[in-house]
Structures are given as structure tokens and as C-alpha cells.
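There are two complexes below, and they share chain A, which is joined by chain B in the first and by chain C in the second.
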Partner chain A sequence: MAKIGIIGYGSCIPRNRIKVEEIAKVWGADAESFKRGLLLEEKSVPSPDQDTITMAVEASRRAVLRAGIDPAKIGALYVGSESHPYAVKPSGTVLAEALGATPECHTADLEFACKAGTEAMYICSQLVKAGSVPYALAVGADTSQGAPGDALEYSAAAGAAAFVFGSEEDKIVAELVDTYAFMTDTPDFWRREHMHYPRHGGRFTGEPAFFKHVCGAARGMMAKTKTQPSDFRYVVFHQPNGKFPLRAGQMLGFKKEQILTGWLVNRLGNTYSGASPLGLTAVLDEAQAGDRILVVSFGSGAGSDGFVFQATGRLASVQKLAAGTREQLDNKKRYLDYGTYARYRGKIRMAEK
Partner chain B sequence: MRDVSIVGVGIGHWGELWNDSLRDLAVAASLKAIADAGVDRVDSAVIGCMSSGIFTGQEHLASVLGDYLGRGPLPVTRVESACASGALAFKAGYAEVAAGISDVVLVCGAEKMNDLDGSESTYALGTAADQEYEGYNGATFPGLYAMMALRHMHEFGTTRRQLSLVAVKNHANGLQNPNAQFQMAITPEDVEKSAKVADPLRLLDCSPVTDGAAALILVPTELAKKLAPGGAPVAVRGIGHATDTIALHSRASLTRLRAVEVSAERAYQSAGVKPADIHLAEVHDCFTIAELMAMEALGFAAPGQSGPMVERGETAIGGRIPINPSGGLKSKGHPVGATGVAQILEIVEQLRGQAGGRQVKGAKLGLAQNMGGTGGSSIVTILGA
Partner chain C sequence: MQPQKYWREIPARYRLEGGRCKKCRKAFLPSRLVCDACGSREFEKARFTGTGTVHSFTMIHTPPSGYSGPYVLAIVELDGGPKLTMQIADCGADEAKIGDKVRVEFRKLTQVGDAGVLCYGYKAVLV
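Showing the complex of A and B:
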């Protein structure tokens, strides 16, 4: 069977940051307990005009640039997010138009809490594998919502990652070895129609939700590919906070150094649908030919997607073609005070228009 | 009045039991107790539960327990006295056997707390305080016990380190209890660096939110061999029960637990023993300060002397009077309605010599103290082998 895989990847991280101390100060909370308990330091914040679509466009342009393809040949394009700017009207059409992928392109907006991005990857990879389209673009992007004062406010962040899937062997930078999906009906976190902020089941989001599904998918993925933790140079887990992915890694038998390259959450926050995809982009920025990469996402509701990739010789030649993920995370940061952050995030009640 | 013995015990692992509902927990513990006793019938049952209505939306536990035990017409009574609901259920079961109303009585304590998030469960627990004077003014139990702790420190020089040592000891004991929610050793520094809850109390000064249940089978002592051929009977030597003001601010002293003092006096009197005769005790350490104040109210320490006594190791297993060998509420967990039953169950296992790595050697006389709120109700039970 022909090989398929990622032929281009890109990321977008907003410049704005807010520190855990700045949020804790406003709510009279103990910043140290968030820093120590959840391993969070700061998080990204979208600018007033930055949303899931604009970040998806920026990340996708970088992915198309690295892929070196004519965007008109993208036959399918999916945006996974839980913060699509419109309840009715697709994000995908705007993205496709901005990239020059219209009109011969199939699109859909996907939602599955924090794993909508890897759902897009899953579908794109299978369409390419089936030969239905030459190229397919998968995006995970979010400007996540956390209610003021809620524990989620310390982590809910913004970012996007995009991947072009293709089957031309000379273009593949990371071959997709196999995929695996693990899913149950577990209501740990949700936002109903017309609710502004999501609700969560507190500690229920841990063992029966995140750990059960992440570990279930990781074990299933390794069983299916007959691999074990030591076969991977890198592993990327969904990262709702700093602690959960490190603990999942420990439970599964991974070493910390396998996790840290794709572990962005301590200074990025939780980018929801963008979280494990962004971790993968950070790994692809550094991986070398032959490196095996395990990716396990998690979406509340709940489920996990598993992917095994293997970097090819071509990866090195595309890594520097666009801004890297750590580069965006570490540079040109702009720190916001809580007031500015509240304005940017639309948390201030304005006069009725 | 007939003498009463405990002939069966049932308990499972406590913790965040996401796959078990309140009825699952209550029935599992009850069936274990029935099997342990080897009884072929149950005449009556009492269930202690603080707040199933708020925690799970389910009231009418009498019918739930009878139904799911598969014993349809069984008479079941539900009893509530906040965090002392478990021991009060035991007292009700004891009275029923002693009075000759029933011969084989099942006493179950259960609480399912993790269906709610932290602030909702804090509200549910807060209903045990004085709603009109404490609740409406924003007081929570960590806040109320913090005031008691500050006053105890002010009056007696009790130290932050002495509070920490209570939690350290109970976690060390919990390591030996396979049913405990937290099986991990902690250091005084861990306690003092844990998240602030209400000054001076830190996270590791506080008992956790827990799902769990425990059950006992009571029979008349004279019929124990006949009714419960499988049980190793442990005699109920005395019970004392008392109440105090519901609101903390109504009390003459913030550092004395009058309900515990009076219930203890009544229990000692009915058992014909004194504090120095007790070999081990399970006390209500919902917060570390509560264990210190309970030690003083039970007569194990003079007022203000509980902290130094813990510091000297006298309450550790192997010490002069081991306190909370089970791990206490701190380490074993605190499913509020189940706690009082589980404390008595621990004493039974200790007196039977079946407490494994946490066994108090030569234990012949044990005491359990269970209280509600900030000490608004208290039940003290004394058992003898």
C-alpha cells in the first residue's frame, strides 16, 4: 500500500500572554498552588481581532508553504474547534478562500471538545489514503473559553496547528504509520448551545475521563503497531495542564525527555483543539529522519485519537521554511494585565448596540 | 436491656468511586457484613447518611436499601446527624437490639460525595452548620475549624508543627489500610507547604471528599453464637450521645467540645471504665485541630496538652494510646454518613486482631468518637473484646 503522511505543517500562537499571578491576584487565589499543582506559568491570549479562523489561516499558510504545493489542489479541508466564530456558517469556507483552495474542495467544521483537531487529521489522512483527494488540510484551532475565576481561566488559551496530508513519497515529511481511536460516552466537560462558558465535572475530568481515554488510546495504538514506549523518540499527549500529560506519560512508561519537546502547556496554556496538534508541530520542528512519534489527543465527552508518525529525510529541508512553534512561543511576547485581557476576551459587559 | 455484640463487618475501598452509585456502595458493604457474620436473616436495618438529597438527589434511602438488598419488606430506618449520622445509626441499631425489638440488625453508613464539584459539596457539608447565623454569613467548615485552631494556638501555644504531625501520623497509619483513600506518606513540610484553605489550615490539614460505605451486624450477645455462627463477637460496652449549640459563636469556649465531653462521660459511665483504660481510639479528625480537641474532650490529654502528646509520639501505633490507626478521616477518607460506622468497624477489627499492618497489639478496649458539624452532636462508643 502506498505511503501517506504529513507533507507540510504550520502553527500559529498569539503574541499576548497573561501570567498565572496576574489572574490569581484578581481573584484572591493562591498562584503558587496553580503553578505547583498544575505546572502552569502563563498562557497565550488572542488579540481582539484574532479568532479561530484567522489563526487557522496563519497556521495553514505556513503548512502549505512547507508542503510546497498549489493550494488549489487541496481537495478537502477540515477545521476542528470548539470556538468556531459562527454557530451557523463554516470556518472552513473562509479558510479555503483565504488559501486559494476554492471551489473544488470539500469542507466541514468539526467539534469534539479538545480533540476536534486530531479528528480533522484522522479524516484527512483516511481521505488521502483512499485516494479520494490529492491533498487534505487538517486544522485544530481554538480561542478557548474559561469562566472568570474558574480553574479553567488559568489555562484556557489560544493557538492553531495545521497539517497537509499527501501521498507523494518525495513530499512526505512524516509518514503516518497507523491510527487508532478510543471513545466512550463520558460527560466530563460540556458547553450547551447559548452558554458562554463551558462547565466541567471537577475531578471527574481526571481519572475516568482524561487518563482512562489517553492511556486507553496510547496502549491500543502501541498494541496495534506492536510498539512499546522505548520505540518512540517523542510522545505528545493532550495537555489541559502541565501535570496531566506528564502523569499519563509516567503511567504508560515514557521518560520525561520523550514528552518535553511537545509539552508546551506550561507557557502556552491549553489550546484545546490546538493542544496536541501544536505539540506535534513543536516535535516536527526538531525531529530527525527515522524518529518515531506517538500522538494521543483527548476530547471531553470523551475520546482519544492515536497516531504513529515516522519522520523522513525530507523533514529537515522544510523545518526552517516558516516560523517554528517554540520560536513563536518564546519570542515577541506581550504581557497583558487582567483588565486588558478581560477586554480582549470580551469579558467586559459593554453598552447595548 | 439486652447486651449487644457486633458479629459482622463490611467495608470496601474508599475514594473517588466514579463507577459506583450510593446504592452500590451501601449494598456492597451490607452484603459483606451479612456474609462476615454468617447470619441467615436480617430483621431490621438502619442507614446513616448525611445528605444524599443534595449529594445525589436521592432521599428515601430506607426503601432504596431494602429494595436493593433484595429483602423487600425489611423495615429500614434512615438516620441523620450531619457527619455523626453513621454513629447515630449505630446507636439506633444498638437500641433496637438492646430493647428486644429485633434480633439481627444491619447498620449501614454511606455517602456518595463526588457527584458534586468542590463548591457544591462545600455547600452540602455547610448545611451542618447554623444556616441562619453561620451559613448566611458565609462561614464554611474549614473557616470555623480554622477559628477553633487559632484560638487553641492562642490559649495553649499549640503549634503549626503539632497540627502537621496529626496529619503525618494518620497518613502513616493509612499506608497500612488497604481501604484508605490516600495511601501515601507525607512529611510535616508537605502539610505546611500545601495549598492554603483557611488560615492556619492547609489542604493537608483537611479530610477529603470521599465516596464510601461501611456496615455492621448487631445481635443480642446471648444469641450471638446461635444467630451468627461465622462471627467473632465484639461486645458493645457503652454508648454516650450528646449535643451542643449548633453555632460555634454560642459556646463559652472555642477550644472545648462540650458534646464530646458529655457523650464521653456517658459512654465511660455506661461501660464502667475511665480514659486511661482505653487501648486505642478512632476520633473524628475532620481537620487536624479536631483530633487534638477530641483527645482533650475524651480525657486522653489535659486541656492544651494534646499537641505535645502527639509530638511525643504517644498517639502513634505502638504509642501509649494509638489514635486513628485506620488512618482517620484524613487518610482513610470521610464519606460523612459512613464515617461513624467505619470508626466502630475499625475498633472491631482491632479487637478481633484482624487489623493487619496497623494492628494495635493487645488491644482489648477501644473507643470510637464521631461528631457532627463543629461538635454540635457527638456519639462515643466503647467496645470490648
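Showing the complex of A and C:
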């Protein structure tokens, strides 16, 4: 069977940050308990003029640049997010127009809590594998919000990752070895129509939700590809906080050093649909030919997608073509106080317009 | 902003697609019917690069409706392209200088009230 895989990847992380201490101070909470318990230090915050669409465009431009393709040949593109700016009107049309991929292009906006980004990757990879389109673009992007004072406020962050899938062997930077999906109906986290903030089941989001699905998908993926943890140089898990992915890795028999390259959450926060995809971009920035990468996402509701990739010799030639993920995470940061953060995120009730 | 007007400006605002005078090579974004430098009416399509230099800038403290300030408004000369007026995003009054290198990013420009269309386009960020 013909090989398929990622031919270009890109990420977008906003420059603004807020520290856990700054949030805890406002609510009289203990910052140390978030730092030690959940391994969170700070998180990204979108500027008022950044949203899922703008970050999707920036990440996708980097992905198309690394792929070195004519964007008009992108036959399908999907944006996975739980914070699409419009309730009705696709994010994908704006993205396609900004890239120059219209009009011969199929698009849909996807939604599955934090898993929507890997859903897009799953669909794109299968369309390319089937030979339906020459190139397909998958994006995971979010500017998620936690209710003020809620535990989620310490982690809900913003970012986007994009991947171009293709089948020309000389273009592939990470071959897709196989995929696996694992899901059940589990009401651990949700947001009803017209509600501004999500609700969650507290501790119920752990064992029966995150760990059951992440470990189920990881074990299923390894069984399907006849691999074990030691066969992988890198593993990327969904990262709603610092602790969960490290614990999942430990339960599955992975070493910490396999996880840390794609573990961005301590200083990025949880970018929801962007989380495990952004972790993968950070791994692709570092990986060398032959390295195997396991990716397992998680979306509340609940389910996990598994992917096994293998880096190729072409990867090294595209890594420096665009801004890297850690480069964006570490540089040109702008720290916000809680008041500015609340204004940026629309948490202040304004006069009606 | 009317959706129709916004829609007409999409190629220029999303992809920096403008025109270049075939006779004197002057660049325009958006393109135009008559070249203001040589009077020619013949243009070719041009897609400009997303990098440039701050030519001049000012601080807007009393923004028009639909915009929230203060923000930096600059004239940016695109590399090999025209001079454009655009905001410098994520930038305080004391951060920008004439001659600074910038990169064009895709950002939200404005939104029409709470229920109207969202308008996207280019802004500069300091590199």
C-alpha cells in the first residue's frame, strides 16, 4: 500500500501569558496547590483580535510553507475546535480563502471537546489514503474559557496546530503508520447551547474519562501495530494539566523523557483541540529520521484517537522553515495582570450594543 | 461594515492580493483602475509578501466605533510592495520604532455589534 503521512506542520501560540499566581490572587486560592498538584505555571491568552480562525490561519500558513505545496491543491480542510467564532458559519471557509485553497475544496468544522483537532487529522489522513484528494489540511485550534474562579480557569488556554497530509513519498516528513479510535458515551464535561462556560464532573473527569480512554486508545494502538512503549522515541498525550499525561505515561510504561518533548502544558496551559496536536508539532521540531511517535488525544464526552508516526529523512529539511513551537512558547511573551486578562477574554460585562 | 463590502475586500485583506502597474511597476493594494504615478490603465495581479518595515506610526487613543483602543496604527512598507495602513498588534506605545521590521499576521479587525459579521484581515506584528 502507498505510504501517506504528514508533509508539513505548523503551530501558532499567542504571545500573552498569565501566571497561575495572578489568577489565584484574585480568587483567594492557593497558587502552590495548582503548581504542585497540577504542574501548571502559566498559560497562553489570546489577544482580543485572535480567535480560533486567526490562529488556524497562522498555523496553517506555516504548515503549507513547510509542505512546499500550492495551496490550491488542498482538496479538503477541517478545523477542529470547541470555540469556533461563529455559531453558524464555518471557520473552514475563512481559512481556505486566507490560504488560497478555494473553490475546489471540501470543508467542515469539527467539534468533540478537546479531541476535535485529532478528528480532523484522522479524517484528512483517510481521505488522502483513499486517494480522494492530493492534500488535506487538518487543524486543531481553541481559545477556550473556564468560568472565573473555576479550576479550569487556571488551565484554559489558546493555541493552534496544523498538519498537511499527502501521499507523495518524497514529501512525507512523518509517515502515518496506523490509526486507532476508542470512545464511549461519558458525560464528564460539556457546554450546553448558548452557555458561555462549560460544566464538568470534577473528579469524574479523571479515572472513568481521561485515563480510561487515553490508556484504552494507547493500548489498542500498540496492539494494532504490534509495538510496545520502548519502540517509541516520543509519546504525546492530551494534556489538560501537567499531571494527567505524566500519570497516563507511567500507567502505560512510558518513561518521562519520552513524554517531555511534547509536554507543553506547564507553561502553555490546555489548548483543548490544539493540545495533543501542538505537542506533536513540538516533537516534529526535534525528531530525527526513523523516530517513532505515538500520539493519543482525548476529548470529553468521551473518546481518544491514536496515531503512530515515523519521522523520515525529509523532516530535518523543513524544521527550520517556520517558527518552532517551543520558540513561540519561550520568546516574546507579554505578561498580563488579571484585569487586562478579564478584558481580553470578555469576562467584563459591558453596556449592550 | 456591510457583508458585501467586506466580501469584496477579501483577496486584499486575507491574501495581500493587489495589482502592479504594467508600465511603471508601482504596486497597489487593493488594485486600482488608473495608476496614480503614470496614468496607465494596465495592471497585473500581484500577491505581496507578508514582511515589511514600519514607515511611520501613531497611537490611536480615541478609536472609531467597533474598535477598542488604545492601539498603534502604522504605515507599513511591504517588501517589494506598496505602503499600507495597518495596526501593529500586541504592541504598546513605547515599543514600536520607525524602521522596525514587521511580519503581517491574520487577525480580527472588527466585529459588527454582537450579532453582525466578523471582519478579518492583516495586522503587523514586530519581529
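The working rule: the second predicted complex is superposed on the first by the 353 of 353 C-alpha atoms of A that agree within 3 Å, B and C clash if a C-alpha of one lies under 4 Å from a C-alpha of the other, contacts with A are read in each partner's own complex, and residues count from 1 in each chain.
Note that in this section a contact is a pair of C-beta atoms (placed from the backbone, for glycine too) under 8 Å apart; a residue touches a chain by one contact, two chains touch by 3 or more.
Keep in mind that this is a model prediction, so the values were computed, not measured.
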Discussion item. For A:Pro48, using the defined touch cut-off, is the partner it touches chain B, chain C, both, or neither? Pick first, second, both or neither.
Written reply: second
Discussion item. So in the superposed three-chain picture, is A:Gly100 touching just chain B, just chain C, both, or none of them (first/second/both/neither)?
Written reply: second
Practice prompt. Name the contact category of A:Gly201: first (chain B only), second (chain C only), both, or neither.
Written response: first
Discussion item. Between chain B and chain C, which one contacts more residues of chain A in the superposed model?
Written reply: C
Item to complete: Based on the superposed arrangement, let me know which partner A:Met183 touches: chain B (first), chain C (second), both, or neither?
Response: neither
Worksheet item: Is A:Gly37 touching the first partner chain B, the second partner chain C, both, or neither of them?
Response: first
Item to complete: State which residues of chain A lie in both footprints, the one left by chain B and the one left by chain C.
Response: none
Worksheet item: What residues of chain B sit close enough to touch chain A in their complex?
Response: 16, 18-19, 114, 116-118, 195-196
Discussion item. Residue numbers of chain A touching chain C in their complex, please.
Written reply: 15-16, 47-51, 53-54, 57-58, 61, 85-86, 94, 97-98, 100, 334, 352-353
Discussion item. Which stretch or stretches of chain A touch chain B in the complex?
Written reply: 30, 32-33, 37, 200-204, 207-208
Practice prompt. Would you mind writing out the residues of chain C in touch with chain A in their complex?
Written response: 10, 14-15, 68, 89-90, 105-109, 113-114, 118, 120, 123
